[in-house]
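Chain lettering (A, B and C) follows the sequence in which the chains are written, and residue indices restart at 1 in each chain.
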Amino acid sequence: MTVTRAVDILRTRWYVTVPVAFVLAGVLVPLGYLFVRALQADPQTLWDLVVRWRNLRLLGNTIGLAIGVLGVTTLIAFPLAWLTTRTDLPGRGVLTLLGVLPLAVPGYVMAYVLLATTGTYGTLAQTLGLVWPRLSGYSGALLALSLCTYPYLFLNLRTALLGVDPALEESARALGYSRWQVFWRVVLPQLRPGFLAGGLLVGLHVLGDFGVVSLMRFETFSYALYLQYAASYDRIYAACLALMLLALTVAVLFLEARLLRGLLLHRTGSGTARRSVPLQLRAGRWIGYAFGGGVALLSVGLPVGTVGYWMADRVASGLPWASLGSSLWASVSASVPAAGLAALLATPIAYLGVRYQSRWTQTIERVAYLGYATPPLAFALALIVFTLGVVPFGYQTLGLLVTAYALHFMAEAIGPIRSALYQAPPNLEEAARSLGRSPMGAFASVTFPLMRRGLLVSVAFVFLSAMKELPITFLLAPVGFETLALNTWSYAEEAMFGEAAPYALTIMFFSACFVGLLLIREQTATGQRTEAA
Amino acid sequence: MSEPLLSVQHLTKRFGPDAPPVVHDVSFDVGGGPSAEIFAVLGPSGCGKTTTLRCIAGFEHATEGTVVVQGRTMAGPDVHVPPEQRGVGIVFQDYALFPHLTVLENVAFGLREGTSAEQTARAREALEMVGLDSFEERRPQHLSGGQQQRVALARTLAPEPDLILLDEPFSNLDALLREETRQEVRQLLKDKGISAVLVTHDQEEALSFADRLAVMRSGQLDQVGTPEDVYYRPRTLFVAQFLGRTNLLLSQASGREADTPLGRVRLDREADGTVLVSLRPEHLTIAAPETVDGPMGTIVDRAFKGHDITYLVSCENNEYLVHTDNRELYEAGDTVALQPLEPAVVLERKSTPADVPSGVTPEPSEP
Amino acid sequence: MSRFFRLFSVLFLGVVLLGCGGGEPDELVIYSGRSKALVDSLVSMYQEKADVPVRVKYGSDAQLLAALQEEGDQSPADVYWANTTGALGNAVNNDLLVELPDSVANTPARFVPSNQQWTPVTTRFRVLAYNSDQIDPEDLPESVRDLPKNRDLEGRVGWTPSYSSFQDFVTAMRVTQGADATRSWLQGMQNLNPNSYTSNTPMIRALAAGEIDVALTNHYYVLRLKHGGAEGEYEGDEEEEEEHEEEEEEQTRASAPVETYRFSEGDLGNLALVTGAGVLQTSDQSAAAQRFLQFLLSEQAQSFAANRVNEYPVVSGTEVPQYMVPVDSALGLSPEFELERLQEMDPTLDLLRDVGLL
């Protein structure tokens, strides 16, 4: 029944239609490009390339890594989310911030750092005499990726935990279940949508990652794909591999949708004002600190410390202030608008999906996720072709880069906006309309302010990803436009870690400031809601 | 009779071209008289009453039929005036107060004319009207249910709409508060001269709150009339049952009289053949067996309510419910004579299943 | 309307406005497959000297080649500067480059392709890097072809099958020894269970970290590890040299001792390869582009390459630092090989795929 209403909305409201059309085009153009290129392949060579054992091994490696990372991130994110939402642990706010900060650490930096830390000549051995076998292969990729991606899961689980109605837990307790049983049987099932949303981002991140797996020498699909582009100058067979990777992603999206089916409908309309009574940790608090501290040390302290150490070497000969400043400006001037644009585009898509839930609107949402999964190199090449063909004056402009970032990272923005929309039940908008507001006016004055928290998280996610982005930046940035990430990578690639360090540190520091700012806003937002409760 | 304030004609609503209608050919007028009118749409949940309300408010597009407010067609063939231009206020079941705004800001939300000082002043007035002027800086989630309800009302009334729609506005209040609030709101609407359409599943609420009411079942209106009319002269079995408990009698009618299990009974209108008739418990009385010659029954149960007494009387394998004043005092097991006080109401045949047993109906079920 | 909403609109407008800024028409646009770390100083030197605005787009050889192909005749690029002969050959095959005038093509002392569509800029040599704590160079074979026979190296070898220099080396082997011999060499190497790296930097770090004991690489990676390589501005004064040496000591203490091994004279394992640059057909200022190529071949730029990047000059008369093997002896170790034949990449890639390396 909602299909017709969704179609109605699309027909009558340009401010929904235009972004949706834009997103669909932005995602489908690269897909079309890949098909066109793949069709240029010589069928026999294509067949030989696609049907071979190596691909099966790559598939196994990719899936194995994705499952492993999901497992490890769950082990990290779950206790951390619980500690920061359900206990009286002092310093929960700081712990929350530390749990988000790894998003500011580029994956390749994390990989370089882990490589430099372990091994006979690693920092661990140098400073503590602790010889840990040098990380590489599966274990290395697993650790580096887990440390970089667990915040996606952490934040989603946190929101989910805060959203569970304490009355449910209390009634279960009253029915004679222990705290542990209640957690297992009442709380856990309700965390599933949040877990799936976070898990999806983690999974897609692993599927698409190249930086970490190449440095850790673990062969996954995206790694093979990169080799096709890099080693053989071959756009055509790379396109075939990209399509295979996309097929894998579609399978993941499909699986997630299946697991999610019916779960979201159970979410209650408005957020509960009441929070559950926090568990008093007492002596257990030291275990909490040890865990939280350990995670923070590994995921934030280690990279910052190591990169700082690299930089210390260089401080004497002076820092390249001018270049740092201009690349910081470049990074920010591309990432901030991209984050805003992504949130702006994701809002109508999430809105359609939440308010007019149907197969159609869900498909639109899933399509938006495909942009995230399209290999960035292919994505960028497709945009080159498209831009030059359709809007040549837009080529080599910041606008194109911003658009590309926004389309590519929009999937990260959809989730938080979705959950935020659940906080604003539809009849609030109807009330506003019966009080004389236009549809847009009702959205702007009622739903938008209520979604603010979700929007902030969306903006943060996209901003942080855009700050670290490499392949799209390489190909689509205006000539001479050098971001922090680009500089970091350029120097690190030539083993000039001392030169790379200031840029890497700037990324991390600036991203951390940004996240900190957002978190402060989030705290005040929740504070207002719960103050007198 | 002047032009009605609200006229709904042949309203039909389907969700999807092949779906069965949720609202089917519904017609009624509100506020045709000299003073404001409160109209209630009563029906079990899922009967389409809220959809009807949403069509009037403009949140749903009517599939067929017209909605006319003060002579202006709001919905009709190729016409759909958006909700914000209808000048119709609505109070939702869960009040839909904006959690990010204070009480005063909520009430001022719909005021868009004049300076902001004037808007604030008018919002204060509206708050005073509902007696919440001391709460204006609070957030709605920090108010009790009854207070929230009154804020919602103030918010709806502040822009002075011609008509307000009330979607089960009292159902989230506890019983005691509900009755009190109901009376207050009714008084307020009457004082202000504002017409309203109330949607509810609570027959007591509809009967006591509305000037006129419509009973809705499966998307159609069974009967429209004054509360007394609908209560004492239900047209269908459904209406008879939904508005309270009643005694059903499967009878053989000829003219204005019928043979019923309780003997020969007068009818409210002429009928012939097998008919189902209804007698409200208060239209039946009992007397000592020796004083009257009527059908005899045995008291099965009684409930003393102070001002009156309800007896359950068994007679020829059927049970009947009788409300009497507290002067008729009997114990369970006593034999009594049953005696109708008023003519029985003939129920429309089309909605009378053949195998309805005679006797008292169960409590109207809460949805 | 909410303040937030307005903020968003402003942001969006900002994006649109920023998007309208295009590039200046008279600036020189270089697509550089060489990384910024190696190019930046040279470019600023040139900008200062020639007073021409230069903008560089960085990427890998292949990324930029793909971009150039997708851009077609709308490409804004003037110069393509690549790390490898393979990439340049590919550009030639795809008809992207123009023929250079003799004034440019005659400057380098060697390695200029007969089609004159690009010019070599620097030379590098394939070498075997080793950990001198673990390996006695006496035990290493005379020829790279015999490396697989060294069974005690099993699990201790590093290589970069996907890296262009390595692929150039395989192409050279295939051209000179034949496909079958090359296949069995690759398979023999695979029997040593080598560690595959995507690029040389992490491989050298792995060597320094003791993860592997020998690595097939290019000569300058070892030198950069030991001597610092390109850092800061080019000044070329003696003082800084000393500082580097201090640093070198500090760095070597934190890692395994890495040394360079060269195979016997004329062996493929010592193959010389070149980086190069060409002028693109899409360039609307080919004269300026040629001037830039000429600058790359100037004494100043060549000397910078030698001193900062530790690559060998292609013009005669440029000195290399003391710690580098002199140009002539390095060239003498390399086999005679016509670099243009490195353009035949496809059979090599098939071979690599065949043995499961790609």
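In this text, a contact is a pair of C-beta atoms (placed from the backbone, for glycine too) under 8 Å apart; a residue touches a chain by one contact, two chains touch by 3 or more.
Predicted model only: the values in this text are computed from it and were never measured.
**Q** Examine which chains touch each other and state the graph shape they make (line, ring, star, complete, other).
**A** line
**Q** Which chain has its C-alpha centroid at the greatest distance from the C-alpha centroid of chain B?
**A** C
**Q** Distance between chain B and chain C based on Cα centroids, please, to the nearest Å.
**A** Measuring from centre to centre gives 85 Å for this pair.
**Q** Find the geometric centre of each of chain A and chain C from their Cα atoms only, then give the gap between the two centres in Å, rounded to an integer.
**A** About 34 Å separates the centre of chain A from that of chain C.
**Q** Any idea how many Å lie between the Cα centroids of chain A and chain B?
**A** Here the centre of chain B sits 53 Å away from the centre of chain A.
**Q** So which stretches of chain A touch two or more other chains?
**A** Expected reply: 441, 445, 449.
**Q** Hunt down the residues of chain B that sit against at least two other chains at once, touch-wise.
**A** As it turns out, chain B has no residue touching two or more other chains.
**Q** Please output the residues of chain C touching chain A within their complex, sorted ascending.
**A** 1-2, 4-5, 8, 11-12, 14-16, 18-23, 29, 35-38, 55-63, 65-67, 69-72, 74, 76-77, 86-87, 90, 162-164, 167, 195-199, 201-202, 204-206, 208-211, 221, 224-225, 229-232, 243, 247, 254-256, 345, 349, 352-353, 356, 358
**Q** Which bits of chain A are touching chain B when the two form their complex?
**A** 1, 3-4, 8, 269-270, 273, 425, 427-428, 430-439, 441-442, 445-446, 449-450, 528-529, 532-533
**Q** Of all residues in chain B, which touch chain A in the complex?
**A** 15-17, 19, 57-59, 61, 82-86, 88-90, 92, 94, 96, 98-100, 109-110, 112, 139, 141-142, 155-156, 159, 165
**Q** Which stretch or stretches of chain A touch chain C in the complex?
**A** Answer in residue numbers: 49, 54, 115-116, 119-122, 126, 134, 136, 214-215, 217, 223-224, 226-235, 313, 317, 333, 336-337, 340-341, 343-344, 377, 380-381, 384-385, 388, 392-400, 402-403, 441, 444-445, 448-449, 452, 455, 471, 474-475, 477-480, 482, 486-487, 490-496, 498-499.
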